[in-house]
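Quick one: the structure is below, and I'll ask about it shortly.
First chain written, first letter: the chains are A, B, C and D, and each begins at residue 1.
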Amino acid sequence: MKILNALGEPVQPAHQRIPADILSLADYERHAVHHVEQAAWAHVESGADQGITLAHNRAAYDALRLLPEPLADLREAHTRTTLFGRELISPLLLAPVAYQRLVHADGEIATARAAMAMQIPMTISTLASHLIEDIAQAARSASRELGRSAPLWFQLYSQPERDTSLDLVRRAEAAGCEAVVWTVDASIKRSRYPLPVGVDAVNLRGNAQPRQTSDLMSENILFGTPLAQQAPRWDELAWLREQTRLPLAVKGILSPAAAVRAVDMGADALVLSNHGGRVLDGVVSPIEVLPAIRDAVPAHIPIIVDSGVRYGTDIVKAVALGASAVMIGRPQLHALATAGMLGVAHMLHMLRAELELAMAQTGCATLAQISPRVLQPHPR
Amino acid sequence: MKILNALGEPVQPAHQRIPADILSLADYERHAVHHVEQAAWAHVESGADQGITLAHNRAAYDALRLLPEPLADLREAHTRTTLFGRELISPLLLAPVAYQRLVHADGEIATARAAMAMQIPMTISTLASHLIEDIAQAARSASRELGRSAPLWFQLYSQPERDTSLDLVRRAEAAGCEAVVWTVDASIKRSRYPLPVGVDAVNLRGNAQPRQTSDLMSENILFGTPLAQQAPRWDELAWLREQTRLPLAVKGILSPAAAVRAVDMGADALVLSNHGGRVLDGVVSPIEVLPAIRDAVPAHIPIIVDSGVRYGTDIVKAVALGASAVMIGRPQLHALATAGMLGVAHMLHMLRAELELAMAQTGCATLAQISPRVLQPHPR
Amino acid sequence: MKILNALGEPVQPAHQRIPADILSLADYERHAVHHVEQAAWAHVESGADQGITLAHNRAAYDALRLLPEPLADLREAHTRTTLFGRELISPLLLAPVAYQRLVHADGEIATARAAMAMQIPMTISTLASHLIEDIAQAARSASRELGRSAPLWFQLYSQPERDTSLDLVRRAEAAGCEAVVWTVDASIKRSRYPLPVGVDAVNLRGNAQPRQTSDLMSENILFGTPLAQQAPRWDELAWLREQTRLPLAVKGILSPAAAVRAVDMGADALVLSNHGGRVLDGVVSPIEVLPAIRDAVPAHIPIIVDSGVRYGTDIVKAVALGASAVMIGRPQLHALATAGMLGVAHMLHMLRAELELAMAQTGCATLAQISPRVLQPHPR
Amino acid sequence: MKILNALGEPVQPAHQRIPADILSLADYERHAVHHVEQAAWAHVESGADQGITLAHNRAAYDALRLLPEPLADLREAHTRTTLFGRELISPLLLAPVAYQRLVHADGEIATARAAMAMQIPMTISTLASHLIEDIAQAARSASRELGRSAPLWFQLYSQPERDTSLDLVRRAEAAGCEAVVWTVDASIKRSRYPLPVGVDAVNLRGNAQPRQTSDLMSENILFGTPLAQQAPRWDELAWLREQTRLPLAVKGILSPAAAVRAVDMGADALVLSNHGGRVLDGVVSPIEVLPAIRDAVPAHIPIIVDSGVRYGTDIVKAVALGASAVMIGRPQLHALATAGMLGVAHMLHMLRAELELAMAQTGCATLAQISPRVLQPHPR
């Protein structure tokens, strides 16, 4: 029986070259639907409930209006920045994205190679479909081959047992990861998508996961069950901070209160994220809470913005409002599905090009020159 | 001749199991259209005039944006609350919904059993298509079987003769109903839907109903006719208050002035409702007038919010703005049509699950912790 | 050759009975398309340019939100009002609508009969497709037959020669018209619709009309041509005021400045109108400028609101903001096309019914009780 | 093989007469799609990225609401204005539009003839597909034939070598151009459209153009390449100002800061433009920044508004907010493709007619009478 994509066609193999009509990240999404099995596609693309937040993540960027400035001196222009002591070629990072083998057999291995080729940091997910060690090994090989590199980071979902969490951190450290990104916004969510054969959380094999099993007649649904008992709490941050000397970013922050608390407890950076609109529908978007959070935490704490970044202009808008960098999520899967490693590399290259164009048009020769001045006050 | 649904297909029988693709209340609506005769469906789904209020009832919730707070302590989390001295498992009630046999042969009997199984109060409509006594009997049987229970309430439409109204209240009391919900917003409305054979207001049999019969040449249409003469007035509340010792809620309140007046005249609770957008198009939605009404009446008066609640996040939003509980209307019919008693139970179970997820994500372990803090100030 | 409607079907004859599925004025529009020749339909329905104002005329009403008040005493409720000394059954008037024979062979004759039957005033257009005298005669006959009546008004477009204008006024006076409505917003507009054989401005026969004939190479288009030379100016109002003792309303006012000037020069009433969005696209809607104009002119000057009224709730909104009455335009043609005289009568009956329902739901037993209180402050 | 248009039909030849159903510029766009090869059409019509700015250019006009004033004295009405010492029949100019032979074999030659016939200035693009000299010659011939004329202007894109730029200016001067429009907003942009055989930048033949050639593995994309090195800077304006005695307009200004700087460095006029939404998506529209820029520069500096003007009402709105004139871009191509020279002439004639109608309806007999008074304060 043929495996079908969401258009009812047989799933198409990934391209060996980049299709000529791909001019932006949106084009990768348009292509990718042909290359992914339909249930996996629905899982990748979906937002919670009505998808209001999923749409709002874009609308919040689109509502901001840029104010061009012509004729700037671009002779020394560049997009370099420094994060956790490492110089980056561009304020761009690959967000942690689970189960990448859902869309391409090479999964995270291909993504890691593309990231190194483009000198863009990659964040390995706890739910990666390849072993941390194998991903890191692929990145190292690619770096050696190409004479280029970028940091690997590791994203941690807290496990029911702290020892399991710690074991993951230790493996990431051993594999050369340079930072830990602790995700706090998705320990409790609904998902009914059953992973297909051959794709699973290989890094968690052997560790029992709590399951949300509530039948119709059970009085306790979430509250009063192990899932609620074992959900991570703030004291877990204190514990985690003590376990590793790696820089620690907390991902899933959307309020000044949580931002301040995380920094007070030792977070080295914050990732503003609503998990791409996947967890709770109707929540705020990172870009709209960024100014208040930037004001609330010390200036030396980097703020990374996730959820909805798709264009170079989005990066300029985020940096103008105080972001140090942005994370790219679903477009990894779109590019990976469409053209494998080559697609991911090209996707990152396009974003870099778009960022430079947007900076040139707004008269910014460096990231430091991107200020609120580039945004129209009170759009609409 | 085959009975057709609104899609032009023969009406399908209700499912014996819950279809696997039902993940939210909206999915029940999507399914239900297949199971209901077309004119009945139009009657169930319609809003007044252009349906502006029908749509606005959703838009008003969707415009509110939630502010997540991660890492809350959920070990003691619960959704319990107390209404009229009874502890409820969740701040959820079944709104009065007329003529439930329009969508399923078991009608209110099935709904009552589902309500008891899920421990959610049900409000029996004056226009129920089963006798009050039979519905109450079904609820009692289900409670005994399952070892679970929840209150039954009775919804009263004022009748042209006070004796008729009083007779309904006495029957409800005798049947064990624990509260009276007096609906004041629909005594005068337009409806041209003729009930099919076998479905009627069985609790009113033998009592003449005033009819709005204005032919083209009659100078009086509504004003100057018995309908306007006999429409309930405020003094009816004073009278009703004296007739029963049951708690008395007034349903159909949308202004602080009416709220204060109702409480002053003895209402024990208010139900904010625009009758699901069915009566007058272009009116305000309960959720948007809730804050002003909450401010206007004493804190001990529970405010219940009706009209448009479809997601767990809606409940969090309503509670954040001062609601004690919410009422669910049309989704009863959607679930009943799709899967009978099982559907109604599952619909309520999903709402409870969604509420807990929304509370977990917004950092609220109890209803009391749900405050305006969970809402983004000045969305958009 | 068959005459086709805008759906490509042969034009259907008007119904002899009111179709059962007509529940609102919008339903008449939906039906009427079947009964009108396609070019005439385009002419009737079109707005200027992009139709922004045409749509805005509705959106401006839809943006206002009503605040219901239950339980009002409706025993003495009525919708009567007085205009120019005549008591009216309802604050409803038929706007002047040109060339009614475009949509039904009986044209203005049918409309006049319906108006008398429903006791609603009719305004005869300068561009009526029946003679003023014949329309008035039809109205008188209908009144006698039915024992009911309502005023006829006459709408004047200024003619290039004042004598021609005066002759029209004298004929209207002689025919028993009780008021003159002087339209000032459409003396200069573009129209490329050629009237079909058998429909023309019979009341102007024998009087040359200036034509806007600019070929591509003519340097003067509008300015510098007779059309601009002969366009009416404010001094025409002073002249007109002296010519007749009938009450004089100025139609096409949208600013406080013009309103004050018109009243200062002797206007007895104002009709706020943007000509149904037909003349200049992108202009304000009457309902949104009503409050400022109501504030600017003395309270005894009636303000009538035209352009976009389609529902009883619209009338409540207009009265709440200061209108004395509303005028209904295109729906006359929709009803006339669909069911002739009967349709127009039924259309007016529905509006009256909707007005009473809206008043009942907002707790208003008389027009005088309709105040800004019925509108939600700051909708959205 | 047949050349196809964007509808998949063979490209249709231009009409020899103006189609009867063309009543506005939007109708030319609707027609033109039939007459242009599909890739060229995509190139002509497209906006950057998501087309947000392309759409916003229209929405910004549509959001402004006009306030009609009836009964103005139009006997001396006209639309004349003076720019750079030349009296113009109307505040209308043809914007520089590149490669006009993409849509019609006569290209800029036809446009120049139409401009002279209609007495509307034309701006010759650096990227014209005919030689400056040939376009000017065609304009002169047409002027002689018709006894009518209007200025030609020349639009300059800075070239990598100043000598090349200077040579273009000298050729324009020699050809009789009366002003230089220096475009500063598009020296750096992305375009992947390959010109078809027979259409090229004939005025630049023999001068190497820098190309943005970044392959996937090149570390420098825009920044650090010749494109960024050679992009024009503010000092180029000082240089250019010294090279010619022609009036100098700077095109592509969107901020008060840039406007003031340009004027301080000798610009005689400003053209507010976002290049029709083609360069950077999400930027402000000229009409919304016009008031602030008008306030920032001396009153004697003319401000011309480009990007999105399609209706006569747009011109009234722009003039009301401080514009001296407007430029028309894409509609040139729509009209040229549909009906060649005749189309362009008719398009300009329609705009003039619409402007006069809009002025008549808003009570303005001259451009000087068009003030903010014609705009509704705070629309929406």
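Here are some notes:
We adopt the following convention: a residue touches a chain if its C-beta (ideal position, glycine included) is under 8 Å from a C-beta of that chain, and two chains touch if they have at least 3 such contacts.
Here's who's who by UniProt: A, B, C, D = Alpha-hydroxy-acid oxidizing protein.
Keep in mind that this is a model prediction, so the values were computed, not measured.
Chains touching both chain C and chain D: none. On superposing C-alpha atoms, the copy chain A sits rotated by 90° relative to chain D, to the nearest 5. Interface chain A/chain B: under half of the residue numbers present appear on both copies, so the contact uses mostly different residues.
One inter-chain figure worth recording: chain A and chain B are separated by 42 Å, centre to centre, where each centre is the mean of the chain's CA atoms. Centroids built from CA atoms put chain D at 59 Å from chain B.
Not a single residue position of chain D touches two or more of the other chains. Chain C makes touch with chain D in their complex at residues 49-50, 52, 56, 184-185, 188-190, 192, 214, 216-217, 219, 221-224, 228-229, 231-234, 236-237, 252-255, 257-258, 274, 279-284, 288-289. For chain B in complex with chain A, the residues that touch the partner chain are 23-24, 26, 61-62, 64-75, 77-79, 89, 117, 119, 311, 313, 317, 342, 345-346, 349, 352-354, 356-362, 365, 376.
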